[in-house]
Each structure stands twice: as structure tokens, then as C-alpha cells.
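Next come two complexes, and both contain subunit A; in the first it sits with subunit B, in the second with subunit C.
The block that comes next holds the complex of A and B.
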């Protein structure tokens, strides 16, 4: 079963009297364990596409399905289940809760998804170990470096073993050495966990590390493996 | 998480709105408990005095005296503490040193002191003792004796009307000797009441038809149950009434006074609730990004809302606990605190060579020496629950906006 299927997707925004078309007739397919990169110019609609896939926004036309479930038709009350159990999100900014430790930040989505606290803690500790932050698990975000925070965010995204991970410019705020470390971890963990990945990035070097690449241009996704 | 947010808000802003909410709600609970304690002290004190000394818990009106076996049968019923034949009358009383004044005379058997524990508990003899052994003995309230200028051993004249029928009634002075001066702590009784032997009362002030039986119960709240037990044993001409019926207007007024005071002081909960509502709304605006994130990573609106709702609950719980603790402490020591305050202010006034000083709760100004305080457990629980409810409901209202926060705003902000 496909992890993500997008068919005839259209997204428009109203700007005064004008209708702004961001995405149109966009089709996309992602199989289990596949990892793709999406590149494109600023303002081309990459983040809009991510919001739509994450169920944070609704399409104007077309359908988005994940694991056989049409998420664009789900009510808000069901969408949180989808975001909780079927999706991992990594943003450009880490968005860790500053009042919680690294460990608590990681296990919180697991706990909210109904995992037992002890089980969520064990899973979080194992993920933190995978991103090399065992020693820092009881540190607050304010006590971590930018790269470390992003590694915690990556661990958080994988706590519920989601079939699909969306990463939107995950290294956009990091320096070169931290970027490289987070990229390695992201690709390793996706491989180890068997998660499908949609990675949106400006960074062509990062995009080239993925086997399949798309470019968002003229409101559609174009396969662009020869980048 | 709610606990962490509360801690963080204190750390970030020093004296935060959460701390202010806790302080104001604590003070509200403390004030309400103290006022209720003092009002209970006064009101229940009055009610007990009235029920134990004057009105009794049940009254059986009967045109003829009960036989001894019937009296014994009634006394043996479960929940009955005492049963006494009584006669009430009003007359004028005069001493050698004063003009006549009105008095409420109760005639009761001389052995009433031994049979009725309530009398023993609520009558304190300042002079003499319970002595109605002689037919011309009289026991006077302390305030009445002060007004008449008499003490134990002095004589009093009571105006009696005697005659075979109403048109032939003749006024007559009957001399009584004071054998005891009592105090109940309730001015109306101390200034107007006197006790004489039942036989004298029946001879000079009332007829057989005025006789009634006063019953005291182990638990006055179980009056209707006791009435159901008593009624089948009584002759058809006898009627029984509860204290709730013949004291309804006065006790109703006391209850109304207390309810009004509770509502007025309870308004503080609404004010504090408004404060908590505003502070949580501000917190929610400040934490919009985090709320969006929690929803983006799978938290349902209601689950995220619960975090902030729980914050309000914690504020209510902490305030309720602190307020109840402080309220009990203040109520239990209110006389000492007032006395200490009075001493302190007097000392400061003295230092400043001021003529004025604070007049506290003294027997020179009030009829009572001390402020009576009575804490009722169910009221403490009620106030505690109200504190938690006011805070939680305010939080519930404030957190309605959580449902409307769109997680997409987080990604856009990025």
C-alpha cells in the first residue's frame, strides 16, 4: 500500500479580489520506505504542499491519501490521530517546548498518542541514544546547541514509528558541521526505522543524497533525478 | 506540563499572574471561612441558647397533665433527652429599688436542673444556684437583676392576676425570694427571663390549659422523626410542634443573613475567576506557537486544552488548601489576634501621644466577652470546592480559544 498518494491537487489562496494559484494538477506517489527530496525556489509552494500533506491545511481541489486513508476528507477530530500516528514532522526551527527536558520533549507525542508513559520513555531514550544525546536527555532545550536541538526534534518526530516523515528544511538553521551531522542522522534513522521520507530543502547537496528528487516548479512536481 | 508552565511563569515573570491569582483566591477563601466561622459562632450560639433554655426542641400542647406512665413512656423513646411540664407567662416585676418592668416567667419542676442537661450547659449561675425547692423561690437573668438592682436573697414582687373568670380577675402582688442569678450569654434571655416553680406558676400566673410539655432531643435535626414516634402515644386532644415551626421567623432571618453574607463574600470568587480568565488568555496568546506545535505533533484540541485547564485546577487547589489552612488558623485565634492588634495600636497611639486608641471586642462595648467561632466541616468543604470550581471554570472558559488555534500558523511562522 502506498504511503502517500496525491491526485490532481490544487491549492489557491484569495488575495484581495485575486485568486492566487499555488499548486495545480499536482500528482505524487510515495511507496513504503521510499525517500524523496523536493526542491524549489522560495515561494514556489513547498511549505504549502507540506502543510497539505500534514493535514494542517485543506486542498482547494484534489485528494491526498496516506496509507489508504484520504486525509483531505478527514474531520479535524480525526486529523490529530493521523498526525499523531502516521506522520513525523521535522521543521526548520526545532520547536521544542522549553519547559520540558529533551527526554520529555521526545516522549510527549508518544504519550499523547496513547503510549504508556514507561514505554514512551524507553522508546524516547532509545531514540535519543540513536541521535547521540543519551547524556543530554535531562537537559532543557536552552542548555542544548542548535544541532542538538534539531537532533532532539528528529527523535521526537520518530517516537510513534510513523510510516511517513516530513522534513521541511531540517538543516536550514544550522551551521555546516551541525547540518552534516543532522543530515547523516536523518538519513540513517529513516533507513533504520523503515520510514518513508519527504524532504523539502533548498540545499541541493542534501537533495542529492536522496535517491529520488523532485522540483516544485510551475505549481507542479517534476521528477528531477539528474540534479 | 501544567505544573511546569506554572513554575516557568513564576520563573520568567517574578510575581506572575498565576501567583497573584493564588494570593487573591487564598485571601478570598480565608476571608469567607473566617466570616462564616464568626457568623456561625454567633448564630448557632443564639440558636442553641434559645432551643436549650427557652423554646425546647418539641412542644406538646395538651389541655390536661399527662399521667406518670405516659410521661415515662415518652421519656423512654429513643432520641428523647428530657421531657418537662412547663408553663409560660408574662407579668410585671418590681423590686424595692426599681420601677416595674416586664418579665417572662417560666414555671418548671424543681428537679428540671437534674433532668435537663441542656439547662446545666447553658445556664451559668453568677450568684446563688438552681434552687426552686420553695414555692416562692425565683431565678433571675443577670441583666434583669442588674436593672432591678437586686441580688440573691432579695425579695421581688410579681404582679399576678387571680380570679375565677376573666371579668373577675384581680391584681395581686406575690412576693418571691431570689435564690439564683444566671447568665446565658444571650441578652434577650438574661434581661427578660425568670424561672419559678411550676406549682407557683400554675397558681398565680396561668391555668392548667396553659401547660405544655417541652421535649429536648439528642439531635434536634431529627425532630420530625421524633414527632412521628411521639404522636401515636398522645391523647387525641394533644398536639406536637417542632422548633422549626415556632421559631421559623427568627431562625429564618438568621439563615437569610448568613446566606446574604456568603453571597456577598462569595463575589470575590467571581472577581478572582475573572483575573484567572484574563491571565490564562494572556498565557495562551504567549504560548500560541507551542499550542500549535502540540497540535501539529498529534495533540488533540481537547488534550492540549486540558493542560491549561489543569493549570487553573492547580491554582484553585493550591489556593483552596492555603486559604482553608489560613482561614482555620485565623478563625481559631481571632480573639488573640484582635487583642494583639488592639494592644499594638494602643501602644503605637501611646507613643504618638494620641488620645485615640483602638477599641476592640470588649465586654464594655459588646454583650459578649469573646467572639464566638464555630467552624462547620461541610462549609469548609463547600468553600474549598468553590475555590477549585471558580478557578477551573475560569480556565475552561479561557481555554476555549485553544480549539481555534491552527497548527499551520507554527509552520508559517517558521
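The block that comes next holds the complex of A and C.
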């Protein structure tokens, strides 16, 4: 079963009297364990596409299905299940809750999704170990470096073993060395967890590390493996 | 979302909103505001209840009795007979005969209209009477004195300028049908002064012996009545009234204290309700403060709310979280307010005395000559207020405060629930 299927997707925004068409007739397919990179110019609609896949925004037309479930038709009251169990999200900014420790930030989504607290904590500790932050698990986000925060965010995204991970410019805010470490971890962990990955990036070098690459241009996705 | 994880989030966010570390400055202020608004409510509640209870107890034990039985036929003998039969009733504690009338008392150049109360000596010795009617100077009536004697209310004696041992004259009037009145002047020796601690009630009282009363106050104009006391005037009084009315002959009429002191009782209760409503409005305003504090928190925490939604936190849980924050803030404020209010209320007599002394001291320092300041003028209020906490009233107040706080949190909670994460996260 496909992890993500997008058919005839259209997204428009109203700007005064004008209708801005961001995406149109966009089709996309992602199989289990596949990892793709999406590149494109600023403002071409990459983040809009990610928000639509994450169920944070609704399409104007077309359908988005994940694991056989049409998420674009789900009401808000059901979308939280999809976000909680089927999706991992990593943003450019870490978006950790500053009142919680690194460990709490990681295990909370697992606990919210129905895991036992102890089970969620064990899984969170193991993920933090994978991203090399065992020693920092009881630190608050304010006490961590930018790279460490992003590694915690990566661990958090994988706590529920989601079939699909969406990463929107995950290294966009990091310096070169931190960025490289987070990239390595992201690709390793996705491989180890068997999670499908959609990675949106400006960074062509990062995109080239993925086997399949798309370019968002003229409101559609174009396969661009030769990039 | 599991209940335990929601509880974790609520408690963590509540504790963080209370801690300055996380910019928690809104909720402590809101909780404190609620607590401060509850203090006057509790104080007024306890004070007014104590005042009403104290005044009503004095009315019932020293003035109206729990029941009064009057005869339509105007025969004192029949009432005496009825009294003998009533004292054997186990539901009745005591029965006394009394005759009330009016006269003009004067001493020297001072004169005062007084309320004459001719009571049998047992009434003045009754435990209920003695609990409130205190002989403050001189002695009580003996009943076997050869000389006409009276027991005067402290204020009446003060206005006439007499003290125990002095003589006063009392003029009473007997109607001569359509031909006017026949005045009668009798000289009495003041045997003692009394006070019930509530000047509005006893300021005109003059007690005299029952025999003196019958000769001074004619039966046709000032009929004898029975002053009946039960074991508990606040319980089953209407049922007992009906039972007594059925048991005794038809020519007697039984009136309960609720009929005799209805106007006072309803007046006090109405005043109390008005005060409580005003105080409750203050609590309502304080709970609006909780609402506005939570609105501020929602505005400050939009990013966190968006993150939680992205992590799969259901909208209902977001509503529950903010409603719970309102409830917990209300709980802290309510517990604090009820505790502080109770503490102040229970020590109110002492606190008022301290305030009175401070005002006197201030008057002394400023030589304004305004000494003798009394926060609650004893002419209209009890000199010492019986203060006790009513757990039911406190419980209802606490419950009301919690409900209002939780409801006040609903609006910001709804606002938080409706936030769209995509619009918020786009800003970062």
C-alpha cells in the first residue's frame, strides 16, 4: 500500500480580488520506505505542499491519501489521529516546548498517542541515544544548542514509528557542522526505522543524498533525478 | 490522547504558568485577585449571618418568645389554666405570662416614653433570657419587694439620668371609653439596669413585677399573653404551632416568632442577600480577570498550541487544558480566599476593636476630639457579634467561585481550540 498518494491537487489562496494558484494538477506517489527530496525556488509552494500533506491546510481541489486513508477529506476532529500516528514532522525551526525537557518533548507525542508512559519514555531514551543526546535528556530546550534541539525534534518526530516523515528545511537554521550531523542522523534513522521520507530543502547537496528528487516548478512536481 | 498525558500537560503548564521562569505572571495575579474578592464575601457572609443570628436570638429569647398565645376572650384566668397545661408538654421548655404596655417615665426634668414589660419573676431567671439579658448594674427584680421596683434598659436609664437606687415616676393612662384618659403616676425605685447587647431592642425597656403590671396596665387595653419557649425555635416551629393550635381551645391564638418578628427577620435577610449579591459581583469581576489572564496566555502560547496540534493533540484536549488551567487558578484563588476570609471573619470582633483603638489613638494624636470611635455603632449593631462559619455556605461559595472560574476559562479555551497551526507556524 502506498504511504502517500496525491492526485490532481490544487491549492489557491485569495489575495484581495485575485486568486493565487500555488499548486495545480499535482500528482505524487510515495511507496513504503522511499525517501524523496523536493527542491524549488522560494515561494514556489514547497511549504504549502508540506502543510497540505500534514493535514494542516486543506486543498482547494484534488485528494491526498496516506496509507489508504483520504486525509484531505478528514474533519479536524479526526486529523489529530493522522498527525499523531501516521506522521512525523520536522520543521526548519525546532518547535520544542520550552517548559518540557528534551526527554519529555520526545516521549509526550508517544504518550499522547496511547503508549504507556514507561514505554514512551524507554522509546524516547533510545531515540535520544540514537541522536547522541542521552546526556542531555533532562535539559530544557533553552539549555541546548541549535543542532541539539533539531536532533531532539528529529527524535520526537519518530517516537510513534510513523510510516511517513515530513522534513521541511530541517537544517535551514543550522551552521555547517551541525547541519551535516543532523542530515546524517536524519537519513540514518529514516533508513533504520523504515520510514518514508519527504524532504523539502533548498540545499542541493542534501537533496543529492536522496535517491529520488523532485523539483516543484510551475505549480507541479517534476522528477529531477539528474540534478 | 490519553487522560494521563493530558493531566501531565495540564499540571506542567499550570506549574510553569505559576513560575516566573516561564513568564508566569498572569495566573498568580488572577488567583490572588479571586482570593482578595472572596475575603469580603466570606467576611460579609459570616458577619451578616452572625449579626442576624445574634439579633434574632435576642428577639426570641428576651422579647417575642418562640410563641405567643393570646386569648380572644380576655380572661387572664383562662390563660393561667392554659399555662398549667402547657408546661407538661415535652416539646415546650417554659411558659411565662407577660403584659406589655407603654408609659411616660420621668426623673427630674428628663422624660422618656418607655415600653413597660410586666413579667413574672421566672422569665428573668429563664436560661434563655439570662443568656442575653444581662444585669449590668444593680440587681434583678426580686418579686417579693414591698416597694414598687423596676429594671431598666441601660439606654433608658442613661437618657433619664438615673442609676440603681434612684427613684423614677411612670405615668400610665387608663381609657375612659369615649371620655378621654385617666392618668396615673406611680413611683418606682430602679433596682437594676439591664442590656441585651443590642440597643435597638432594649433602649426603651422597663421591666416590672407581674402584680405591679396588672394594676398599672388594665387587661382591657394591655391583655395578658403567654410567652412560650421551646427547645429549638429554629426547627419544626410551624409544625409545633399547628399542633398547639389544634390542642388548645379555639379561643386562644398561637403566633410563632416568625409571625411576630417577620418584618425584622425579612428585613435582615433582604439586606444580607443584597450585600451577598454585591460581593458576588466582585467575585464575578475577579473571575473575568482569570478569563483575561488566560486570553493573554493563549496569545503568548499560540506557538506551543500550534506545536501540540501538529503533534496530534486533539482540539478537545486543548480546550480541556485551558479550562483546567482556569479551574486550577480558581481552585488556588478559592482556597486562599476562603481560608483568609474565614481567618478574618472569625477574628472580626478583635480586629474591629483594634481598629476602634487605632482610630481613638489617631484622634488623641491629632487632638481632634473624635475619640470613642466605633466601627459598628452599638446603637444599631450588636456590641459583640457571634461569629461562626457555616460549612454549607462556605462550600456553596467555593463551588460557585470554582464554577465561575471554570466558565470564565471557557472563552479563551475555545479561542485556543480554534487556532490554526499553519497560520501560526508560518510566522516562525
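The rule we apply is simple: the second predicted complex is superposed on the first by the 227 of 227 C-alpha atoms of A that agree within 3 Å, B and C clash if a C-alpha of one lies under 4 Å from a C-alpha of the other, contacts with A are read in each partner's own complex, and residues count from 1 in each chain.
The rule is short, and it goes like this: a contact is a pair of C-beta atoms (placed from the backbone, for glycine too) under 8 Å apart; a residue touches a chain by one contact, two chains touch by 3 or more.
Since this is a predicted model, take the numbers as computed values, not measurements.
A.B. asks: Here subunit A is shared; do subunit B and subunit C fit on it together or clash?
C.D. replies: Overlaying the two complexes on subunit A (C-alpha atoms) leaves subunit C and subunit B clashing.
A.B. asks: In the overlay, answer first, second, both or neither for which of subunit B and subunit C A:84 touches.
C.D. replies: After superposing on A, A:84 lies in contact with both subunit B and subunit C.
A.B. asks: Which partner does A:117 contact after superposing on A: first (subunit B), second (subunit C), both, neither?
C.D. replies: second
A.B. asks: Just subunit B (first), just subunit C (second), both, or neither: which does A:198 touch?
C.D. replies: Touch partners of A:198: none, neither subunit B nor subunit C.
A.B. asks: Which holds for A:100: it touches subunit B only (first), subunit C only (second), both, or neither?
C.D. replies: Touch status of A:100: both partners.
A.B. asks: Touch check for A:154: first (subunit B), second (subunit C), both, or neither?
C.D. replies: Neither partner.
A.B. asks: Looking at the overlay, does A:131 come into contact with subunit B only (first), subunit C only (second), both, or neither?
C.D. replies: neither
A.B. asks: Could you pull out which residues of subunit A sit against subunit B in one structure and against subunit C in the other?
C.D. replies: 47, 51, 54, 56-57, 76-77, 80-81, 83-85, 87, 89, 91, 93, 95, 97-100, 108-109, 112-113, 156
A.B. asks: Spell out the residues on subunit A that touch subunit B in their complex, using ranges where they run on.
C.D. replies: 47, 50-51, 54, 56-57, 76-77, 80-81, 83-85, 87, 89, 91-93, 95, 97-100, 108-109, 112-113, 156-157, 160, 168
A.B. asks: What part of subunit B is in contact with subunit A in the complex they form?
C.D. replies: Spelled out, the residues of subunit B in touch with subunit A are 1, 4-5, 7-8, 289-290, 293-301, 303, 406-408, 410-412, 414.
A.B. asks: Which of the residues in subunit C come into contact with subunit A in the complex?
C.D. replies: Touching subunit A from subunit C are residues 1-2, 4-6, 8-9, 12-13, 16, 22, 303-304, 306-317, 420-422, 425-426, 428.
A.B. asks: Show which residues of subunit A lie in contact with subunit C when the two form their complex.
C.D. replies: 47, 51, 54, 56-57, 76-77, 80-85, 87, 89, 91, 93, 95-100, 104, 108-109, 111-114, 117, 156
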